[in-house]
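Submitted below is the structure of interest, expressed as structure tokens.
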């Protein structure tokens, strides 16, 4: 277990550090690329949490889909755009950011506080799940389960999201279209 | 119909009602006539003539008989039934007859006097309306109706004083008269309301005559108690004060007398009827009606005020140069006598004097009317810039106006109270009774009869001065403008007949066959209080003799001063002279002390309305810039101007809410998150 | 067809006719409106003549004693656990409403006659006018609080536009001020109304009800409800019933108006066109007084008694303050507006006294003021139409210039200042009599209030006489010179037609107060009895 | 998989059993596809066709909704596992939503600015149909997943609609603000959901409530607060209202009409579905959300109404006023009783109707004279009397003055709150009512501005534009007529609610 | 043993980083990234708890939906941002403030 534990810490560290870097970086492209790292690290964490299917989806959709989408968007709209967008003014430590930092830290304090208060590991339902063997073990395959669930319990959201995606497609296409072209 | 009355002859009431209503019909008809129609005069005169006859019949039937009372339900308010009816007793029938008797000659006189006026029919409309009000006043039986006619009398007087409404002075005078009367009316209204609240009825008969509820009520331990309950005694005083205010306003007693001299701006015939004989006597009549309301001490105060008024007015009359003003002040003075008489308990003498005074004062005014008319004639004929009423321009008119002169002399002698005139009878009665009354009272109260006595000499002086200046000596206007020609005479029969009629009435035979003993007058005998003492003390002899001898001296003095100019004359700059000439400065004092503050109060209120109640928004706008000022003002805003406060509040809250809307989406996010967080934390902490 | 319903909705029928007529027919609109108002007047007079008097038809708190009643279920909902919602179309009149109804109908006719001066956008004007007419009639007839409120609010909007669109220079300000003031009052009235509704159960059906008559009976309040007298609930620390009374009182007092809630009135009056001024002064102010009698006193009698001193004080302050303000005015219309404040103070004083004389006087004063203020505003309109000026200082000697007009003005002025023979005298005298009687009868008001009130009468004489002297007497001298002289013609036949009924009504009521007192007496007595019984 | 085998058939039965209760949504989905295909096949020229199809389809859906009324007579139905809850209030909300959406769909092409959009309006129909589907789900959602999904569905559709007129700067700006604010809110909400799930181990709200007593109440409260942010974003109550004015102003007017009404109704439906579960759970120990909601309601009313006073842009003003109305509607929510619910339904329906009318007229005046600011309305009252009179009626209804439906709505809300107050004597309820009354007066300040400029201000400009949008005018007249009718006879629909 | 609290803390840190980004970055795309971070924090929570929900897979399925929805939202947001760039030539949210009071 120590390996997993170590892995967890490493992954967590990478995720957080890269997220912080992405947050602090002024360069957009750098920010985007370092966000890749965060996402990968998170995927790793998902694996550690025994959600391999989610991890894969994360990589495919987030990394493959969203980030590439972001990049392509700017690639397509020309180099000039990218330059303008990349340009950032100001110093590393910006007084204007102080309120934002305070807000984030306050939030962190509150969230950490309530997380600790909640005492997640001793929640009754978690204990009950362990007792009833409702816990996913590394031996289990989650994919089958997810598949069945998607077709039964979550059939409705599954179908609904398809409508949503279609709608998004139509809408996003409409917005990105150049004027005048059908 | 109330059948509680033992003896009822319905025709009497019909006559009385008709006598009252005829002038009203005349007024209505005249109102519909074209403004210049000459028929109006005769319609009114006819109405009053018939009224006069009817009044005489009523008088004959009721005089010295049981009071006659008839009433019908007027309306019901709550559980109170308000009746309207007629109450005929000695007092009212006397007044009924007196008023119509005086009004008749004045009507006749007016047909000539107003002949050339543009609004001839209006004049008679108003005059008839006045007669209706006055006659109504004397016969009604309910305090509400009494008040109604009381005000209508004032209103018609207002109309008549301001008859020449393009004259600014006339308009100001009628406004003043009405407002002064209004003050009195408020007093009367208050008194009526107090009496109503106390006795739950407005019926004069019940209150003062038949059951005499008022007399039966007592003041005890600070409470005014009667069978119908009790209220604090102070309201009895207030009621008396109210009645007194009414009396003072109508009968021109100090301090509400100032309107009467000004009221002389109206046509002279009006002055004769209203401001000498009838309306001003209404106050005395009111006192007669509600006499039981007054307690002894209140009557004393009445007497003091009456005496003071008589004295003050007489002193003012000494120096006035306006013919009518002198007469006006003499009227005030004589009214003072009447009030004094009421105060000293000489109820009968007071009313007796009222009656005699009505005749001779009306006469004097009509005389003045003739004189002024002629002076006006001269003025117009010769295009002079003079005041036709100023006695300084007159003199020696006895030759030009013989009838007028004789009438004037009769009237003056009556006014002074020389024997053989009616004035002697009534005035001496008052003086004698005043002295009798002061017997056994404190020394200060002795001043009352003394003052009255002194005033009678003053009267003798100023009346003589007037007569002498107008009728004796030489015509001063002619001296000044020798070129003018005089075409003046006594005028037509419409002038002469009334003068002669009234002059006869001013002599003793109408009232008493004994020219020297007032108590033998039939009018007095019927009105005197039951416990009247026969002549047994010295006053009955001394006073008539003393007064009259001295009066004759005074008259001669006046003659000497103004005609012969062989003795001293007054210093015309002395304090006393100025005090008298300026009518004791009362008008000025009133203007400064009352009118101005009230107008100022009005302006202040309006200023308050505009600037404080209404102008708060502007205030808030400014003060929001100056935080310091805000605190100072906010108190007022919260109290008064919430609307504008709200407007400002809305704006400031709105501005506060808007401040977040700076268009920056991240700022929105930031605010949202921060607010949520703070609320959450606060919620937990609290 | 119920006569009251007919009376209320006749204007709407005629309004529909006007809507449907093309603009080319705009000349006929005023005649249509006149016809509508005359019809209303006819009906109201018929109602008046057929109105039964006697203790058995006193009304006030007995539903079966109201006359010309129509009661139809209107909104009824079953709300499950919350009981049933019951709103009725419930109209009916008792003595207090009937006289006001006739008065309003007459004032409406006069206002229509005054509308001849309106030249622009006739369709809109007459539509709004008729709508207002309907609302006014509805208020006086409604016996269901909801219905009452509906009509009450419905008056606001037409007035807003009538003032705002056809008004004077500062019309926007005046319109908004008027609207905000009144809405402020009525919104809180709504809250109290809802509270009352939830507190009261109709004993017949068991459901909550808006029926005003039911609200007067303490037995109908559910125990423990907010406004139940027995429950002694509080709202924000104050006794709930006191709060309810005060809120309702303020709402109506704004309409009356009382000092210091009166500042909308001079502005609204001054800026409004003449017909609207007439309706405002003649009818709208009465709705405040009527509301206080019918609703404040009816529903919260014990608070009305304990707060009578304050009501009376407000009345006295209004009388004196209004009169003082009137003394300071230069604008004739504003002067009359302030005189209205003063005169309406008597209404409040009379109501506060809770004596038969006082309340009767108050009702009489409302009727009388309805006629007289309409007449006064109409008279101002006459001059204003001719020369578009109302400044008292700009006129002089109108008595010579316009003798008939001056005669009417004098009638109106003297009637207003309480000359006996006219209605105002009877009203004010008995209001004061009632006030003075109050200490001995029920001990609500101190003696001095009556005396202070009578001082108000005195001040009234001062400002009216001053105006007469200043504007009408003296030699002719006009600011506008010859132009004005030509413009200032004497009253026309139409104007006389409008003025004479008013003057005649005021005179008739002064000579025969029983015309009003006879009809209201039983109701007033019932009200007093009801108030004393509490 | 083996673990699940025994359940599969039961699950499938449940799914098939649920379908009869899901007919309107199925029709909507089909409609969505039909419109999409029509759009794709006919391209930009298909606007009319799309509109006809969409509107006709929506009528069909409406018909299906009405059929559902019969289904709920025998009680509530939980369908699709525990995803949705079909109950009385949901059906009525759906009917109202569909009815209003029908009007709004008609309205889309009547606005000249939107119609002139170079890329065509047909895509908008596709998007809005999907959005309506999302709204339907929202009214019934009872599961964290369905709640989230429904909200997202509506949100994404809304982003697209706001930014729809991509050739204008303001529209895209509004879109940007909306999407950033919305995405952030939904991320926060998702975090809250994840915590809720974590604390209870279930997505089913009923299960969650059962589990919560075992968790630290503070933590649960925080999670709930985060979830409320998501709902609050849709409802735009304080402090989630910042986006509203900017977005309403920037969006095409019909879209504003859409955004300010139907999603709000659906979100309220969601709120009344979800909140009582927490509030009335006997074991609930966390924050008292009825007080929180009361406080929010008070602040929202104040913020919305007071800020509106200072606005000059008509749409922006209406945006602020809609915030105020949200606050008022919250008042009905916090009573959490049957009367409150029916008064809320009525109030919302009436508000939505009036708001649509107001924005339709804003469109109208924009079409005929290009008016956007209040000043532009100067003197138009006499030139366009019908439209102006309708505007006045609609604004009166929004203010809540008799005899319009807005008044009855307010009255019912007040009486609902009052009766709740009688039972609880909560000072918050009293404060809510007083604020409600006060802000009604305040609202008059700005609502009155429009009639003021229309009728009271005069202008020298005498020209009358010839072109008129009769469709909008007819719509406005119908709406005003309805408002008055409902004001006089609220019974006609209230008895069903 | 890796506890749930560990996951939650990591999630919390990411979430707060996201919050910092959305309120401070001067670039819409970075704001978007911040939002993604927050979403990922939530997904991490879901996944972590999902471990104890083998039967229903609530957490994991929710995570899947969240990812897909995030993708959809991002696509829409990007389309809008691109349009904004075309109109304003900037994507700094602070600069885009034509709509304001």
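Residue numbering begins at 1 within each chain, and the chains themselves are lettered A, B, C, D and E in the order written.
Convention: a contact is a pair of C-beta atoms (placed from the backbone, for glycine too) under 8 Å apart; a residue touches a chain by one contact, two chains touch by 3 or more.
None of the values given here were measured: they were computed from a predicted structure.
Visitor: Expressed in steps between touching chains, what is the minimal separation of subunit C and subunit E?
Guide: 2
Visitor: Tell me, please, which two chains come out on top when C-beta pairs in contact are counted per chain pair.
Guide: Per-pair contact counts point to A-E as the maximum.
Visitor: From the centre of subunit B, which chain's CA centre is farthest?
Guide: Between subunit B and every other chain, the largest centroid distance is to A.
Visitor: Using the average of all C-alpha atoms in each chain as its centre, how far is it in Å between subunit C and subunit D?
Guide: Their C-alpha centroids are separated by 43 Å.
Visitor: Just the number, please: Cα centre separation of subunit B and subunit E in whole Å.
Guide: 96
Visitor: Determine the centre-to-centre distance between subunit A and subunit C, using the mean Cα coordinates as centres, and give it in whole Å.
Guide: 71
Visitor: Between subunit A and subunit D, what is the separation of their C-alpha centroids in Å?
Guide: The answer is 31 Å.
Visitor: Quick one: which residues in subunit D touch 2 or more of the other chains?
Guide: Residue numbers touching two or more other chains: 3-4, 145, 149, 152, 156, 159-160, 163, 166, 176-177, 180, 184, 188, 195, 198, 201-202, 218, 222, 245-246, 307, 310, 441, 445.
Visitor: Touching at least two other chains at once: which residues of subunit E meet that condition?
Guide: 4, 8, 15, 18-19, 22-25, 31-32, 34, 43, 48-49, 52-56, 59, 61, 65, 69, 72, 76, 79-81, 83, 93, 96, 98-101
Visitor: Return the residues of subunit A touching two or more other chains; collapse runs of consecutive numbers into ranges.
Guide: Within subunit A, residues 99-100, 103, 107, 110-111, 115, 119-120, 125-126, 129, 145, 149, 153-154, 157, 161, 164, 168, 171-172, 175 contact more than one other chain.
Visitor: Among the chains present, which pairs are found to touch?
Guide: The list of touching pairs comes to A-B, A-D, A-E, B-C, B-D, B-E, C-D, D-E.
Visitor: Under the touch definition given earlier, write down the residues of subunit C that touch subunit D in their complex.
Guide: Listed in rising order, the residues of subunit C that touch subunit D are 74-82, 85, 121, 124, 146, 149-150, 153-154, 156-157, 160-161, 164-165, 171-172, 175-176, 179-180, 183-184, 187-188, 190-191, 194-195, 197-199, 224-226, 233, 235-236.
Visitor: Under the definition above, what is the set of subunit B residues touching subunit A in their complex?
Guide: Residues 670, 673-674, 677, 680-681.
Visitor: Can you tell me which positions in subunit E touch subunit A when the two form their complex?
Guide: 1-10, 12-21, 23-27, 29-30, 32-34, 36-37, 40, 43-44, 47-57, 59-61, 63-65, 67-72, 74-76, 78-83, 85, 89-91
Visitor: Under the stated contact criterion, what part of subunit B meets subunit C in this complex?
Guide: 74-80, 144, 147-149, 151-152, 155, 162, 165-168, 171-172, 175, 178-179, 182-183, 186, 189-190, 192-194, 196-197, 229, 231-232, 235, 238, 598-599, 601-607, 609, 613-614, 640, 643, 646
Visitor: Looking at the complex, which residues from subunit A come into contact with subunit B?
Guide: Residues of subunit A touching subunit B: 99-100, 103, 106-107, 110.
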